[in-house]
Each structure stands twice: as structure tokens, then as C-alpha cells.
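Reviewing the structure listed below.
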Amino acid sequence: MNGKYFIIPFLAGMAYLFLILIVRGIRWISGLSKIDKLRLFQSLKSGRTLKSLKEAFVEGLLHRKIFLKNPVLGYMHMSLAFGWFLLIVMGHVEAMVAEGSLSVPFYMPIFFRYFKTTEDFPLARFFSFMMDLLLLFVLSGVGLAMLKRFKKSLFGMKRTTRLKLFDRIALTSLWLIFPLRLLAESIAAAISHNGSFLTSGIGKILSSSQHIELLNTPAWLAYSLVLGFFFIALPNSRYMHIPAEILFIFLRNSGIRLKKQNTTYTDVQVFSCSRCGICLDNCQLSTAGIRDTQSVYLLKNIRNKDLDDEHLFNCLLCGKCQIDCPVGIETIDLRITQRIESTRQYNSSYEYLEINSSPSAKVVYFAGCMTHLTPGIITAMQKIFETAGENYWFFDQEKAPCCGRPLMLAGQYEAASKLIENNSRQILASGAQTLVVSCPICYKVFKEDYHLFNMEVLMHFEYIRRLIDREILQVARSPQRLLYHDPCELGRGMGMYKEPREVLAMTGTLVSIRNEKEKAYCCGGSLGNLKIKQEERDMIRNQAVNDYLEHSPDMLVTSCPMCKKTFARNTRIPVLDISEIITRNMLSPGIPGLTESKECILEEEYI
Amino acid sequence: MMNKPRHIAVIGGGIAGMETASRLAQAGYKITLIEKERITGGHLTQWSHLFPDSSDPAIVVSRLSSALSHQNIKVITSTEITDISKNGQYFNLKSGSEMSLNADAIVVTSGFHLFDASRKEEYGYGLFDNVLTSADLELMMKNEKPIRTASGKKPRRIAIIHCVGSRDAKAGNTYCSKVCCITGIKQAIELNKRLPECEIFCFYMDLRLYGSSFDGLYLTAQQKHKVQFIRGRLSEAAEKPDKSLQIKAEDTLSGRPLRMDVDMIILLVGMEPGISHNNFSRNGSVQLDENGFLKCKDVHAARNLTTQTGIFMAGTCICPMSVSETLENARSAALEVINYFERKM
Amino acid sequence: MKKTAKIKWADFNKEIADDNYYYLRSCIRQNFFPGSEKAFLDILRHNLHKTIFDDASHTTCAGIGYHADIVTFETLQTIAARHFSLMNERGIPSAVVSCITSFGIYSEILATWEEFPEEKEKIRAYLKKATGREFEVPENVVHSCDIIYKFRNEIAAQMKSPLINQKTGKPLKIVDHIGCHYSKMFPERGVGGAEFPKVLTGMITAWGGETVDYPERRHCCGFGFRQYLVKSNRSYPMSNSKKKFESMAPYKPDAILANCPGCTMFFDRWQYTLGQIEGKTYGEDGNGIPVLTYEELAGLVLGYDPWKLGMQLHQVDVEPFLDKMGVQYNPDDKYKGLNGKYINQPDFSGCLKV
Amino acid sequence: MPGELYERISQDIRFTEGLTACMNCGICTAICPAAEFYDYDPRSIVTTVQSGDEKTLKDLLESETIWYCGQCMSCKTRCPRGNCPGQVIQVLRKVSQETGAFTKSRKGRQQLLIKDTVGKNILKYGYCIYPATAYPEKHPEQGTVWKWVFENSHEVYASVGGNYQGKGPGTLRKIPREALDELHRIFEYTGGINLFNKIEEHSRKKALELGFRKENADPDMEVYTRFVENEQ
Amino acid sequence: MKDLDFLTSTPSRQIDYEKFDTRLLDSVLENETSFLTCMSCGGCTATCSAGNLTNFNVRKIGLMLRRGEIDQLSVEIEKCMFCGKCTLVCPRDINIRNVVLLIKKGIALLKTENILS
């Protein structure tokens, strides 16, 4: 067979790709901690492997999540990935049938039409039809991808990521692979009359040319070349996400999690990002014109090792990017880990902290720094405790450190642990069983990072709910239309959507909107973002307010003092905390009947 | 109606006098406006920019000047009234022995006198080449001169000193001159526009920015023009061999003394009562208040009335005022004069 | 509210009596510049033909004790009242005070009595009880530098050596230092007010010299009373003096002229100390800057022998200045006693022993 | 709340004279020689006194800070309200000595040293400073020339027309007995001696408190003096 | 040199504008322009969680930065808890948390460059 050398680029690319993948795979896996390696090993032996395989198939090839979010985009990804996959599988079957052997050289199916010019094997027509059909399937995806690149709005996307050199090579190669395959096969079909509807059709047109034979080898060479290019570019481009994602799925399913420092698991996640850009559309920072700090850029920056604080810390940490990530990258924790790395050299020791004696109490109330700026919530909570006759200790009434969460959001993990340790000791010393907090920021850190043993940590509305259930507290229903704003730390952060709504439903009519729960807006106040300007925060907040106003609620209710403060700056919509709504509609003990609820009381704030 | 037009003498051809004169002339009164300088317009003729909008004071002056061409107005310049006396139902005004004039009423609009900065010796005005007053700076900018040190160099750092001659028992003035703070901020901004590389510091005790847009100007000065504000009153300035100035103040917010070298100092001089006030008060015809300004009959209800019936007043001879306040005050004085004659009829 | 008159201090001349003075001596000046007080009396009597009474009976004013807080204000006032009583006894209406601290104290007492007459009556009672004396406030209390300033032109008329550098023909550059208590408290009691008193510069220019302004000109020498008197506090006065030396050194002054005995002494001594500890000098060629009292300067101008003026008692050698002025002196007489007898001599004089 | 200490401070005429109402402009601190070399801020002292709070005043009287002032009175020159923080300091120091608060601070305790040198000179010789007691070993900064003067005092003073320890008028004359007696009586009748005694008495208490005790249980003032001299 | 038994001269407490390193200030101003607009009202200090526990003064942090007192600043800045109350009460909406972050970062950098011990 003359001219067989044209497959060399393909072979070289393939060899390079596998070499890199093996090296990386070994490095990533060996870089895991001992315990994580054990986890991986255990899971490979168990049924979880099957689950991972299935997930890899469903997400990696079929792109289920993208499909659900955006069918056109999903189809595009699926046609490329799954179509190519099928082409390879079908090609191998065809080659095996044609050769009558289970072992054919692995390049054979790729260049099948070049090598096999006759249709003298069983089901040859069927195979060539299927192969043409699959090629068309893939080409439709390529077509869409080209269209998307030049007219993204057709895909319902506002923005796509920017490309760098290797991405461009890989992308161009990828775009060219299938049209060139079509061309090569069509030329082969013109010469050997072996194609099906697609290739032979084009072959017929091409056969009008006098020197069609002369074009055959160059066309296959071109096809081989772009494949080679693609494979060489792949590990250095975003297409690395294809193999990385598969590994990611296996590691994740074996129970490996992100740590407070970078590990190779971080790298696996970083490389698993396909830069599909879905996170860009979810991100509210775009509303404020911030367009270079989103998760996809963060991952890119980590990969390229050019992450700076201005980008790292300009994120609300609201978690909206994470919920829709088709790959399931833990964008929030990943960013916090980077913040920990970035600020590791300057953590505070808070040597001035003192342990004061704690009074004994049944319930400890921790208002938190933010609640101290919304005295309305404190007053409401005190009233609730008093009505309930609770033996409670207001831990931070006079002097107490912060809960530590804001420090964590700033990456100051070690420093936060000092506060956590100090607070824990004092809270535990009270002998209380329950810790009530009125701020989701505190709630999250108390739940996740404090070690309070048997002590139960409750958000204030959970505590209120118990009081109502036990008929210690009675609330009246008012006809008010209440729109509940999910705080990020509580909703996406802790998955609490149902509980606050249940409490609110007892005292008013809840207005349901499209952008709630997982899709809820961030108020823009976020302590997670250390770089954003106030005007930008205002834009983000106003976007939410404008949407809320369309549903004409009587009141915006939230369960986060920070959200409350943020919304209070926009005076178009009255905003209250759950606790305040409850105290307003609380029936005074002994005096049945509705306490008068005022429409909107502008409470005195510290500002 | 009146049989014979009443004759009113307006003493002082600054903006208060010009505005009062033109308003009264429009109302049909005969006006004699007496100005001691060669031209009317007062201090504004020496000024470059008005706060808060950086507009040109020449526009204000020329509008007022054209109103003076009214047929009922007679303008006498280069004449200083040295004595006022009451003569039956007339007031008699004298300028030395050269001029004598009778009027049915008088409006004093004799304005203010800029604090003589050389009285604060420790600031070195008149001693050191690079110590200027806010008025010197205005004149420099008005004449489109580049802002340079005495030796012609571009200043790298300028200090603007608030409260010079104001709120100062040592200078004999314990009142606040009110417009200096905002003038300082305006000048800081103008300096930054002309010298973008130059650091500008304001030394203040309190920023008394009473106008609705003045605080916005303060913000702009900080934000856009990188003007820095240090809370502390300048204690002394001293000249260094290279003619730059070493200044000392306390950074009161740090509680520590502060020394700084600057290439130029701008002293925000306050308004003092005009010297001619003594001429009016000498024979007891009008009284002065504790700061030496003309005393109002009532600080709330009768700000344009002196203690002498028939003698009115307007503008900065009453107290420090901005341009817009002076003009408003002048119009209210005109109204008081008209009321006075209508009641008399 | 205390208001001050709206005047320019630069034009201010205080009232200084013409003749017939009562001399109140200074502790520090007698200790460290004994020749200066002698020279002052000599100049007044022999060059200016004035009457000045030098009383044996007056004592210290206790001012150093007062500002170091171990002497009460009442004690201080009564001591001053006793001195006024001594003046009354002699019928002399005008006091000439040699010390700036004392001058400040008399000024403070007179101002207090003016504002609180009942305080004066209290002191009258104290003095009566303690000594049986009565007193009236003198008509005029000035510092001895005020007298020299007042008659600076008369002195200039008798001048033997003007303040001209004999080698270059240019005026000698002299920086002045005014003692804080001369007029910082009561500007109306200093010639030219508080900021730029003319009392010393007036002498310098009248005698042909030139004065230079320097940034720390008005800064205190750093005496600080208790800050100097207690050994462990002495880094404070030294730091302050050092600040002044560093500020004046770039102007290359030929001498420092001070009107306060303490300041004169400190500038002289701290240059030595800084030289010893830090190895640094502030004058030319590794020397210090000579420090002069105004009596010494007047004496030199009038042709007095520097050793009779007591200039050998300066730690910083004054010879370079004398040479520039062209004053005739015999170096061999520097350490000679009353009858030309050699007294012995210091280990070394100057700032830095090399 | 204003209490006894504020009463006591405000009764001194120097307080009336020295403080009207401070507007916190900082002009005094700006040129204060002590503010530069000590952790000292006359403005804030005046504000503290102005607040009149008894507890804060007590702390102030026991603090180091009131002893930092060098009494140059430069503050008085510039104050736009005509105040004199230096005079306020004098009053605070007086009250601190009267109440014994001065022994609570290192710098305050030094008052004993000043009383024992300057105080002694005044009463013994009628001079604040006296050649015979300006010992060169205690005054190394006075230099080699002073050592020469000290060692040859009679000859040196005589050579420049002095009258050291002589009769009659003149430089460093001996103050006549009658004059010294009058001076003594003035000190006695005006509370001067009383102040000396107060300083001594409180210092003795402090010496005992610090455990400087002689065999007979009296305070050992020599050791205490050396302690105060060398305290850093 | 001779030891005359007492300190030679005391270090000056005076803020000397001619003598400080503005690199830290410059880097903060470059990245957080809102810091320019501080008017030293002290609202931040009044609300500060850390300031409630110790003598930490947020307003003075800004002053130390402006006056180049880096040594003191490096000690004081450690006390901040990042709780963000200051940012919320600031009448000029200064992003104080970022200022603190930038200072901490800058100081760490100066330390690595051995400029600060």
C-alpha cells in the first residue's frame, strides 16, 4: 500500500496524547493524600465504578445537564462527543467485520475507507450508511459549534469564553477533522464507489474532476494531520477536560473532597472545566459589568498560573455558578481554597482574645456582627425569647468576636479557627443544648466548622418554628403578600429553602417567583466579595429588586441581616427579617386576637 | 404715589451695592451709588472662579454693571464717604470736604476687608516668597498665570491652610468666616487641574461646608483630585535654604506632631469688617456688633436694618457671605427700603 | 474669650526705661557666664553712662524651682514681691532682669495681678507676714537684652570691631535664639512680639552683622527644667538642641547669639556632648559653632578683652569667631587669673577631641 | 463626672488663666518640643481635663504624661483661644504632688530629686543653681571646661570680676543672712516648705512600699534616691 | 565615642512627611480608590467588632497607612476580624475590608522583601 505514511501525523499525535494522559493521570492520582488514594482504590472495587462509568457516559458523552439547561447547546455537545464516540465504535465494528478479525490495527477504522476500497464484507452497505449517518450527526454539531462561535445569541447564551493559542489550534483542528474526513471519504468514494448517501453523493460531484486520484492521499493526509494536531493540542487546551472529567467523576464518586489547600484533586477539577461558559450567564456580576472574574476564568487562571487577588476576590461566592455547572465543579470551595493559598502568609493570631466566664443557660443566642447592624432583628429575637420564657444567654450582646465566617470567605482559614476555638469554648461552657443564630453567615460556619458536640445549631426561624409547633408562640395570619428572598449562605449554601417558607406561610401569603430557591438572586451585599464597588453592588441589588417588584409583594422578607441591610438601601420595597414578621404578627399571650400589624415601619438602624 | 422721587444713597459699589441700586432704580427711586475705588465690582473683580460651579465672576459683575446704566442711577467712583449725619429728614453724606450729598435713605454696602495675613507672622506671609493668600492665588489664576513658585519652579506639593485670621483670638477674630472652607476646596481642585502632578494638602480644624452641593465638592476633591485633608491647625511655617517651606501642625487624628515640606502655602484668609465701618459708626449713627460688622436691628427679622432708622445695609458689611447670599441679601435690602417708604406715605 | 489687639507685632516696640535701673541677677548666668553680668554693668556704666543699682540683698527668683514644680506659685510671687520691695526701698522704678526665666516669671506675676487683683492682695499679706515688708509694682520691668537693644546704636557709635569678617569683608552670619519665656507667653513684653522678636537681630544688624532665618529658629533649646535637672531625662534637652543644630548648620552660621542664660549654656554644652557621643560637630572644620551671650557680643564690639568677658568659660572655643571679627586678644592670657597668675587649664576645650 | 479633683484643679488661678474652652485644633502639639520626643500630646491632656471626669483625672495625675512637659510655654503663643496647656500642666503637677499621685509614675517620683537639689540650693544659698553643688560627675554634659571651673572656682570667678562667696554685691556673692532668713520665712508662710514636706512624706511612703527600709524600719531614702535616679 | 551615661537623642515621634515609604499606600490607592474619600468620621471604629474587644482603631489604620507608619500598622492590622461592619456603616462606602486585605498582603510582601521585620 503506497502512501500509507500519511497516517504518521495521526499516530504521532495519538502517541503524544496517550503519553501525556498517562503521565498526568499518574501524577494526579499519586498526588492524592494516602487516605484519598485508599478511597479511590476502595471505590474501584465496589459498585461505585459502574455508577461512575454511567455518569461518565451520561454527562461526558450525552451531556445530560447541558441538555436540560439548554437543549440546542446540549445537542451540539452531544453530537460532537457522542457522535464521535459512536463513529469510533461503529468504525471498529465495521473494521472487525471487514477484516474478519477481532484485532485490527487501531488506526484502521479511522482511515477505513482509504484502506478498504471494496465492499466485499457482510453488511458493508449498512455500515457505510451508518457511518455516513453518524458523520452527518457529528457534522451537524460542528456546524452548530461554528454558528455558536459567531452568533452565540442563537444559543440563548450571552457570552462565551475567550480562547488562547492552543485552544485555537485544537478548536480549528476539531472543526476541520470531520469536514476533512468527509472530503477524504468522499474522494475515496468517488474513486472506489464505496460510500453511502453522503460520501458517495459528494463523491459523484467530485468525480467530475480529472485528477481525483491525485487528491486522494493529500486529503487523507490532511485528515490525519488535523487529527494529529488535535491530539497534540488537546492536553494543552480546554479539550483536556474530556479525559480529566472522566477521572474527576471517578474521584468524586469515591468520596474525595476539596481540602483547605491545593491538592491534585484541585487540578483534576480545574482541568475538567470545558469552559462551556454556562457559569458566565448565571453570574450576577455580569449585571454590574464585571466580566473577567467568573468561575470559568478562575479555573483558567489557576490553570495558567496567573491568578491575582483582583480576580480571585471579586466574586460574591453566591454559588449560582456551581448549581448549573455541567461538570459539577465545586466552584465556591475551589475559590475559597485559592483564597486560603493566596493569604496563607498573613493570618492573624488574635492574641488579644480572652476567655470570659459563661453564664449557664439552656439556649445561647449569637446575633453576629451583621445582626448588630439591624437592631430590629435583635429586638425581635429578644421579644421572642422573652415571650417563650426561654432561659437564654445573649452571647454577643456586649463583647464577642465575630463568628469567623467572614474571615473564611476572605481565605483566612487559620485566623478563623482562632475565633472558632475561642467562641466554641465559651459557648460550650454555658452548658446549653441549643445555639440559635439569626444570620446565615454565622449559621453556615457554626454548622460546618465549629465542633459543638451535642449542641444543636438552629437558624432563628427553625427555633421559632419549634415554639409555634409547641404552641408556645402563636402567630396570626395576615393577608400580606410576602416574597421570600433566599440568602445565598442559607439557600445554595446550606440547602434551606423549605423551612423558612413554612414559617412564613403561617403568617402571610407567600409569593412564588421563578428566580427563587436554587435560582434565587444574590442581594449583592455579599461578604464573599472583597473587591466589588458599591455602585456595582447596587446594580446587582437593583436587578433583584426590579424582578421582585414585578410580583408586587407587600413585603420582601429575608432571613439574613446582610440581605436586609442591602435591600434597605433601595427604598422601593419594604424589607423585614422573618423574626420581625413573626413578632409583628405574634399574638400577645393572654390577649387573644390579632396584634395590629403596621404596614411598614421604618426601623431605626445604626446608619 | 410719590410726588417727588425719593433719593437713596448706596455706599459701596461691590456686588451688594450694584444689586441693591439696580433693584431700587427699577422700583422708581433715584439712586446715587458711591464707590471708593476707581471701578465698581468690588472684590469680585479680583476673583477667578466662583464656588461651587467654578463659574467666572466676571459674568456676575458684567450683568450687574449693565443694570447700573439705568437712568435713575448715578454712579460716583473714587469717592469714600467719611461721615454720615442726620439733618432733619435728610441724611447728609460727606467725602472729606470735597463732596456733600443729601439722601432720604442710605443703604450701606461697604463690604468686607480681607484679613491681612502678615498679622499671622508665624505663617510668614510677606516674609517668605512662597506663602500666598487665597486672594493672591485667585489673582494669579485670573491673570492666567501658570502656578509657579517664586523661583519659577512647578510646585510639587502645596498646603492650603484653613482658618487664617478666623476663629482666632490671637488675630482678634473669634468668628468663622464661613466661605473659606469651600473656597479652599475649590482652589485645591483648580490647583490640581493646573498641576496634576502636585500633591495638595488642606489643613483644617472643621470643614464647614454649609451649602447643599459643597460636601459633594469635598468628595470630588478627594476622589478625583486626590486632595488630602489633615485635621490640624497650622502652627508655623519656616523657610528652608531652597525657599521651600517647612510647616508644622498636629495630625490631631493621630495625636502626633507632623512636619512637612511644601513648595507653596495658600492661606485661606477670612473676611474682616470693612475699615470704613468706623466712618459710619463714629458719630453713633450706626452701631457695630461684637466682631466689628454692622449691627442688625434684629438678627432674625431685620437683618438689613441698622440700628439707625433710614440707614439700611446689605452684603458682607453684615457678616461673611457668599456671592449668591450677598445678592439675595441685596434684594432683600431693596425690599426693606421700598417697605420703609411705603409705610411712610 | 481672650482677645489680642489687631496689630502687627513686627512693628511693636515695648516701653523700655531710659535710665536708673535695679539689676536682678540670674542664677545660671552667674554660674556659667559670670563675665557677662559684669560686662553688662560695665557697659551700662562706662559706655552708656547709666545708673544701675546692683543689690546684694536680692535672691534667686526661684523660677527654676517653680517651673520644675517644687516651688508654689504663691512662694514665687512673694519672692518677687520682696524684690519689688527692695526696689521701692531704693526708690528705683525700673527693673532690669538678667535671666529669661525670671523675666518670664515677673511678666506672669504682673499679668496675674492685673487680671486677678485679689491675688496681689493675698501676696501683699504673705510678704507682710513673712518679712514685714510692703511693696508696689515697679513701673517698668525689662530684660537686660532690651537695654542693650535700646542702646544698640549708641554702642554702634563706640564700636571698635564691627561684626564683619575681616578676611572676606562680608558681614558675619549670626543666628539668634530667643529664650522661650522672653515673649512666647506675653508677646507684648518682647520687642517685636513673639514670633520674630527683633531684640537680638536688632543688635546684630546695628553692629554690622547679618542674621539668618532657619526652620527651627523658634524651637525651644530643650532645657525643659525637670527634663534637664534630672539626669535620666537629659536625652530630651539634647534631642531638642540637636534638632536646632541640624536645622541651622546648613546656613553655616559664624555664631549663635542667645538672650537666655540657659539656652546659651545648653547650646555650648550640648555641642560638646553630641561631639563626644555621636562624633558630630555642627561648625566649620570639625569645630562647634561658638555660642555667645549678647553682653559678650556687645563687649567684643566695644573692644573688651574676651578673657575679661569670661569667654574662656565656654566649652566651644570662641577663638575662630574672635579671629573672624579681628578682635585683638592674647591666647596666653586665656587661663590667667586676677593677677596674671596661671590658674591651671581644662583637659581640653572644644567639642570633639581628635 | 466632675468631682473633688476637678474642683481642686479648677480653683488654681493658673487653670482659670490657662484654659477657656479647647477646640482641639492641635496647634499646641504641633510645636510642642515634648510631643516630638515623648508620647505626649498637650491637646489631649487639655481635652481630658476639660472632660472633668474624676476617674480620668485621677489616672492623669498618676500618669507619666503630665511630667513630659518642658514648660517652654510655646503652646501659649499660638493657641487660637488664648489657652496655655503648659499652665494647665503646672496645676496638674501641683495637685499630683499634693495628693501623692506623683509617686505612682517614674517621672513623677523624680520630684524628690529636684527638691533635694534645686530646693536645697534655694534655701541654703539663695540660688537655684550653685557652683559648689553642680558636681561634674553628676553633670558629664557640662564638659571639661566646667570641670576646670568647678575645681578652680574661686580663681576663675575672680578672674572675670566675680565675687564668689564674697560680701557685698556682685556675681555669685554670698547672699546676706537677713535676705536668706526672709527667703526662708517666705517659704514657710506661703506653703513652700509644706510642699517640700509633702514631696518628702509621699516619697518616704513610696520607699516603704517598694521595700527600701532601714534596720530601724524607717524608709531608706538614700537607696530610694539612687533607685529613682537610675529608674528607666 | 564616649558614654556620657544617658541616651544621646530620642527618636522623634513627629510624623515626618519627607521620610516615609509610600509604596504600601500607593498600592492600596491603586487598587482601592474608594480609600481616597475617607473623611475620618470614625464610624468604622465605633462599630468595629475587634475594636470592641481590644484597642484596635480602624480609622487609625487608614491614618497609619497615609502617614507611612508601616511598623505600627503591621502590628495593628493583625487585630481586624474582617467582619465587614465597618464597610457597612461607612458613609462614604469605602471598601474597608479590601483596604485591610491589601494592607495585609502588602505588608507580607514587604516582609518577604526584608523591608520590614
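In order of appearance the chains are A, B, C, D and E, and numbering begins at 1 in each one.
Assume a residue touches a chain if its C-beta (ideal position, glycine included) is under 8 Å from a C-beta of that chain, and two chains touch if they have at least 3 such contacts.
Bear in mind the structure is a predicted one, so any value in this text is a computation, not a measurement.
**Q** By that same contact rule, can you tell me which chains touch subunit B and subunit D alike?
**A** Touches both subunit B and subunit D: C, E.
**Q** Where the centre of all protein Cα atoms falls, which chain's Cα centre is nearest to that point?
**A** E
**Q** Among the chains, which is located farthest from subunit A on the basis of C-alpha centroids?
**A** C
**Q** On a C-alpha centroid basis, what's the spacing between subunit A and subunit C, in Å?
**A** Chain centres of subunit A and subunit C, defined by C-alpha means, are spaced 83 Å apart.
**Q** So what's the Cα centroid distance for subunit C and subunit E, whole Å?
**A** That gives a centre separation of 46 Å.
**Q** Could you give the separation in Å between the centres of subunit A and subunit D, each centre being the mean of its C-alpha atoms?
**A** Whole-Å distance between the two chain centres: 74.
**Q** Could you please state the distance in Å, as a whole number, between where the Cα atoms of subunit C are centred and where those of subunit D are centred?
**A** Inter-chain centre distance comes to 22 Å.
**Q** What are the residues of subunit B that contact at least two other chains?
**A** Within subunit B, the residues that touch at least two other chains are 122, 169-171, 231, 236, 251, 256-258.
**Q** Listing for subunit A: what residues touch at least two other chains?
**A** none
**Q** Find every residue in subunit D that makes contact with two or more other chains and list them.
**A** 31, 35-38, 77, 81-82, 140-141
**Q** By the document's touch rule, what are all the touching chain pairs in this structure?
**A** A-E, B-C, B-D, B-E, C-D, C-E, D-E
**Q** Which residues, counting only subunit E, touch subunit B once they are in their complex?
**A** 13-18, 33, 36-40, 59-60, 63-64, 66-67, 92
**Q** Using the touch rule from the top, collect the residues of subunit E that touch subunit D in their complex.
**A** Result: residues 4-6, 10-14 of subunit E touch subunit D.
**Q** For subunit D, which residues are in contact with subunit E within the complex?
**A** Per the stated touch rule, the residues are 35-39, 140-141.
**Q** Mind pulling up the subunit B residues that touch subunit E in the complex?
**A** Counting only subunit B, the residues touching subunit E are 207, 218-219, 222-223, 226, 228-229, 231, 251, 253-254, 256-261.
**Q** Under the stated contact criterion, what part of subunit E meets subunit A in this complex?
**A** 31, 34, 47, 49-50, 52-54, 78-85, 88-89, 91, 93, 95, 97-98, 101, 104-105, 107-108, 112
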